[in-house]
Amino acid sequence: MATSSKLSDEKLIEEILKNKIKFHELDKFTSMPDKIRLKVIEKRLGVSLESIGNSIINSSDCKANIENMIGSTQIPLGIAGPVMINGENCKGNFYLPLATTEGALVASVNRGCSVINKSGGAYSIVLKNEQTRSILFKADSIVEAKKFSDWIEENFSELKKTAEHDEQFIEIKKIDRYIIGLNIWLRIRANTNDAMGMNMVTIAGKKIADYLLENYKNIEFISETGNLCTDKKASAMNLINTRGKKVIASVDIPESVIKDVLKTTSEKLIDLNYRKNLLGSAASLSLGYNAHFANIIAAMFAALGQDLAHVVDGSLGFTTVEKNKNGINFSVTLSDLQVGTIGGGTGLKTQKEGLSILGVFGPGNPPGSNSRKLAEIISVGVLAGEISLLAALCTKDLSKAHQKYNR
Amino acid sequence: MATSSKLSDEKLIEEILKNKIKFHELDKFTSMPDKIRLKVIEKRLGVSLESIGNSIINSSDCKANIENMIGSTQIPLGIAGPVMINGENCKGNFYLPLATTEGALVASVNRGCSVINKSGGAYSIVLKNEQTRSILFKADSIVEAKKFSDWIEENFSELKKTAEHDEQFIEIKKIDRYIIGLNIWLRIRANTNDAMGMNMVTIAGKKIADYLLENYKNIEFISETGNLCTDKKASAMNLINTRGKKVIASVDIPESVIKDVLKTTSEKLIDLNYRKNLLGSAASLSLGYNAHFANIIAAMFAALGQDLAHVVDGSLGFTTVEKNKNGINFSVTLSDLQVGTIGGGTGLKTQKEGLSILGVFGPGNPPGSNSRKLAEIISVGVLAGEISLLAALCTKDLSKAHQKYNR
Amino acid sequence: MATSSKLSDEKLIEEILKNKIKFHELDKFTSMPDKIRLKVIEKRLGVSLESIGNSIINSSDCKANIENMIGSTQIPLGIAGPVMINGENCKGNFYLPLATTEGALVASVNRGCSVINKSGGAYSIVLKNEQTRSILFKADSIVEAKKFSDWIEENFSELKKTAEHDEQFIEIKKIDRYIIGLNIWLRIRANTNDAMGMNMVTIAGKKIADYLLENYKNIEFISETGNLCTDKKASAMNLINTRGKKVIASVDIPESVIKDVLKTTSEKLIDLNYRKNLLGSAASLSLGYNAHFANIIAAMFAALGQDLAHVVDGSLGFTTVEKNKNGINFSVTLSDLQVGTIGGGTGLKTQKEGLSILGVFGPGNPPGSNSRKLAEIISVGVLAGEISLLAALCTKDLSKAHQKYNR
Amino acid sequence: MATSSKLSDEKLIEEILKNKIKFHELDKFTSMPDKIRLKVIEKRLGVSLESIGNSIINSSDCKANIENMIGSTQIPLGIAGPVMINGENCKGNFYLPLATTEGALVASVNRGCSVINKSGGAYSIVLKNEQTRSILFKADSIVEAKKFSDWIEENFSELKKTAEHDEQFIEIKKIDRYIIGLNIWLRIRANTNDAMGMNMVTIAGKKIADYLLENYKNIEFISETGNLCTDKKASAMNLINTRGKKVIASVDIPESVIKDVLKTTSEKLIDLNYRKNLLGSAASLSLGYNAHFANIIAAMFAALGQDLAHVVDGSLGFTTVEKNKNGINFSVTLSDLQVGTIGGGTGLKTQKEGLSILGVFGPGNPPGSNSRKLAEIISVGVLAGEISLLAALCTKDLSKAHQKYNR
């Protein structure tokens, strides 16, 4: 790639070192601002950042994703599966891409996939599907707060129309109202189709706020988000009422598979899940009644261009292991999965390829089908991870596995 | 790099496609198993994974980090700062590397850094520092459970000696005991110095369990981890009692800086923090009384080779904004930060360079000083992010910012 | 009252002491079983229970409230107020009866009432009003669980009809469905008018379960209550989604009243509420963001025949103190208040008189109006208690007050 | 009892009705202020409060418990048991007094006692025993906050001496320090022997605060309680770290007893406890992983002179049902039980008699033994209640029981 700097690179570096040009102003002076920034930091700190600079991402291709770019971070990407899924929204055998630095994780998920396959495949269902944003207002009195809340309910269809105007892919489903003292939160619930939709619903919230400021007296607009959404914070609100997608995955594992592949018994798995994932999580007042949802969520999110801060949300949920006729039913319920197949980091080179491994890059047909499919595949990945880790704990192999892989 | 396959690549691919060789067996047949796997998947699925394959990571260099590797995921890396820190464990001006796909984030942290600098720099302190693991036992009766618990207390020094044996960098500080019915959790608390230490403390736990199985009758060992740790799950246990490092960062921002840089007022910032971060989080029963810790944690963790599943833990904590003489005191308290400068993903090429930007790669001198320094720098990054986002919400610029950067 | 024993009292006592007759069988042999039981215990244990026996409650009048009665417990009853209320459901000046053994409590509430009166009275509103019960089912697979859940939604009107049949005072408003793995909770939400309604909604739940057992195959009925109600347990479900009544009360207190009566300032009250009731409760992950809701709830519930186990629910909620033009707005938001004016303990002699002090004994006209009125009065009592305690803490008088009254 | 009014009753009533004398001033004018207040309210409101006035409590005997007394509330008192207890602190057969207005409760606990007896009795243990109070301070900077916290640790013995001075029955065990931003909570943990001890530890906290104000510069004292105690609010702090007493009770129930008395099976009880008390409570993010601790706590607290607002704390905890050789182990773990045998309402006539039924009135020998004994007995009462209700739910008899007893 040719540089089209109006100033020479050396001159630019000099100016920055003298604090005459700032990092974020570089775009004006060069077509390769990332290279210049990298060199400045190398010079200033006396370090080599060769690997970071050795990136396949053009800064011009990811202006919507990053500012002050200097290169990229590379995370090793492994593959588990294929795993057989018989989902409401996806059917077939899927390879699972996992970008992680935690040894043993891919191997563990891979073992879980093998168990699922030998058990005839996993089921998965998207139970709920709505992105939320809470906008926050303040009234002068509780009487005014109540009036405002009532007005919102009565004028829902107008607010919906306002929020959906000029925005093809959002559908406002409901506006919940929460009052504490003089404070009123409007929690907007929307279907955002194949987009994860956080920004889409933020903009919808702003439109509603603007409409209210024009059409409703006696109310003060406090914030475009009031933490009742809840965005990227672990919360009971999300665990109970869901944000994003609530997804469930399940497999019936026969006793023979438990014995042959997992080297343990259904009794031990059921017992461990009860003591660790339920009683242990209750005893620590956890919002994650599971073994390690977060590990699989983090690895698949990284590989698939999802927002890594949403690992917080993805860790909320429940693992159950219950006796059935021929062995056990093993399930995971993810209360709060935030995924999309368009927007965010999905269009970056490696992330796009990650999505293509699952066949879910871009908008689905019908709209929303790709993100639902993605949610189901991830839930099965989580299921595989839970199966394998619980079994490893039954056979007391956790530290052994980490010693084998990590050292 | 030359291939040293005992079989030709084509032959290997063929064998895999016939299911005669499995992905994880490839190491035996080729020195470039990642390339072979990549090609198999490309063939099977009819997709191109050129970018994923275009990785600078040698699979032989990251065997401790990944299995079934096919390449790497590249996340754009941006730089905020430098930011002036006057910490108990780190002093100076630091550039903050952030790997993210969320537009506006680096710019936002950068603005926060600018505010901190204009305010004379940030303070930061590591208040607590201990990695934990809970191992789980079961007694036959509550009387036996109590006896076992008492025995653990009385024999702490022996257990500590056992756990520390042959392991230079761990120091067992305390073993807390929790009983529910017949179940007893031993929550081992340890200083693991510059390592994040999760595996270290897992192995210590296993040693203690093995010792107990030999030296204590009438107890059943259930699991190497009993979810009271709590690892990678949002929990009150961690919010209140801390796991990893509890870190605090703070800056006194003068009214003039609030006005000139943040375009708002101290009153508005204080009011918003009260309504959104406290009342809003309380109303949703959140464990994150903050605006977006998770965003900065995720971006810095990705850039610095930290475990991305620990973004869950890093999102727990509190933001406070309080009036002082000349403006406000703005603080963040992170209850549960999991970081290390050795082990995990810290040795990977780009991640190692990320740590070198902060001058904290590898073991510190004295031991533990590098990970404490890293914790303080991250806490100041989080502080910068909170300052900027709260101000943007005061001026109602959230959706505007996202529209500017993301579209 | 004449005894109509078929056996003499002495004989009966003898038979019981010989274990030939059991306590609960006494009704068959005597019209004064409570006296006999009392004597048996006095004899067996060698204690005097004269005061317990000195009860005004006839065992025949409270068969719906107690079994194996031996007398009654007497709790001193004090009066606070009158307090001026301008509620959506009640207007006027009300004396507040409080049965408590905690010194200083009535005096404290009384001071709060005085502040409210001098501030022109309190506002109060019932924001939500629904009793809930969750019935629990199990499916064979997640696919069946989803089908069942969908069926419930589609057949709501039929289920509603079934549940309301032969029961005049219940109105089924909604049935929420929650799925975890194979488990499905139906959370029935109902208006139970002037009854607190827990039993009413339990019976409704049983009717629905019975209907489903007849009309829906492939589902197993597990329990008449599945802990998602949530009944008498502190839960985020209730804090966020409400059970029983969500009530709010508020008063605007002028600076002069704060100074003259409370001997403190608006700044100090606002600051304390922020640090203690919000930050302190957040730091302990509490579901009560208040100072002592439970004290007033317990004392009024005892005086007014409400279920004392519901003190748990009544303690959930928020206190806010915010600056306004002439001083402060002080509010309490009770998320989960369980009250009724018919049924339960409301018909007992002293409790009925307690309700008559508030003018709310028995069914309201229109139905439900009495219980809403009661909820608003209690919320104002809670408001008074919060005002007074926060002020006492501002002036550092808590331990002083307890030393004055309790010693 | 003769009246010694300096003014005639009629005159006094007149003066009050004219607002010339206030309720709380009556003590100066009459020896029977409660009768006067009662009459005033009867006159003002036109109601009869005969039953409330028909009290055996002399207002002069309960000045430490109530202000503005007008009489008493009478709650019917029933007896369950006797139940056989083999506790660490209490051994023998105990009748359980329960004051309640909820029909079926005493009968249910009674059935549970019968099951326990037929199973050879219950075990019980006090696992932890400490009353707490958090006092709240504010520093100018986080550096000062840390210094203050360190100083507290270093000067613990001096603070302990100060707090214990002139107070025979308190023993300060530890002072935990929690920092958020500029706020520092000192959570004082103390053994208060036979007193529930809330006031005792409040006074100790005040002494420590006063000492600090004299001996430590650069710190601001905010409040005698900072909600980290946590007092009468449901909190994870108390669930995890305990306040008051952590008590556990357990019984091994043979299959034959389950079948004959409870009419169900061990499988069903284990299954229901898993689905309802664990999964259901987790799904609603409850702090009570049990069926109805609160019911028994409320009824025994009312009967035994305990603080009814502490029903909130008593509802926190866990029920477990686990398979053993001959049937099941059934346990309850109460995390946060607040009880005393001296002080509070324990000295009132009927409450004192209630305690005498258990043989625990007044100070124990050695000190603290009576309150520990009381805690264990209550825990067994809770155990009995849980056994019976879970069994009733297994046989689908909940609504039936309520229909039988309540209607």
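First chain written, first letter: the chains are A, B, C and D, and each begins at residue 1.
Definition applied: a contact is a pair of C-beta atoms (placed from the backbone, for glycine too) under 8 Å apart; a residue touches a chain by one contact, two chains touch by 3 or more.
Everything numeric in this text was worked out from a predicted model, so none of it was measured.
Q: By CA centroid distance, what chain is farthest from chain C?
A: Chain B.
Q: Tell me which has more C-beta contacts between its two chains, C-D or A-D.
A: C-D
Q: Given that chain B and chain C are copies and touch, would you call their interface same or different according to whether over half of its residue numbers are shared?
A: Result for this pair: same.
Q: How many Å are there between the centre of chain C and the centre of chain D, using C-alpha atoms for each centre?
A: 16
Q: I'd like the Å distance between the centres of chain A and chain D, where a centre is the mean of that chain's Cα atoms.
A: Chain centres of chain A and chain D, defined by C-alpha means, are spaced 44 Å apart.
Q: Which residues of chain A are in contact with two or more other chains?
A: Those would be 178, 180, 183, 236-237, 239-240, 279, 281, 283-285, 287, 318, 320.
Q: Using the touch rule from the top, collect the residues of chain D that touch chain A in their complex.
A: 236, 239-240, 274, 278-279, 281-285, 287, 289, 318, 320
Q: Which chain B residues qualify as touching chain D in the complex?
A: It comes out as residues 88, 123-125, 127, 140-143, 145-146, 149, 178-183, 236-237, 239-241, 248-250, 252, 285, 318, 320, 322, 324, 329, 331-333.
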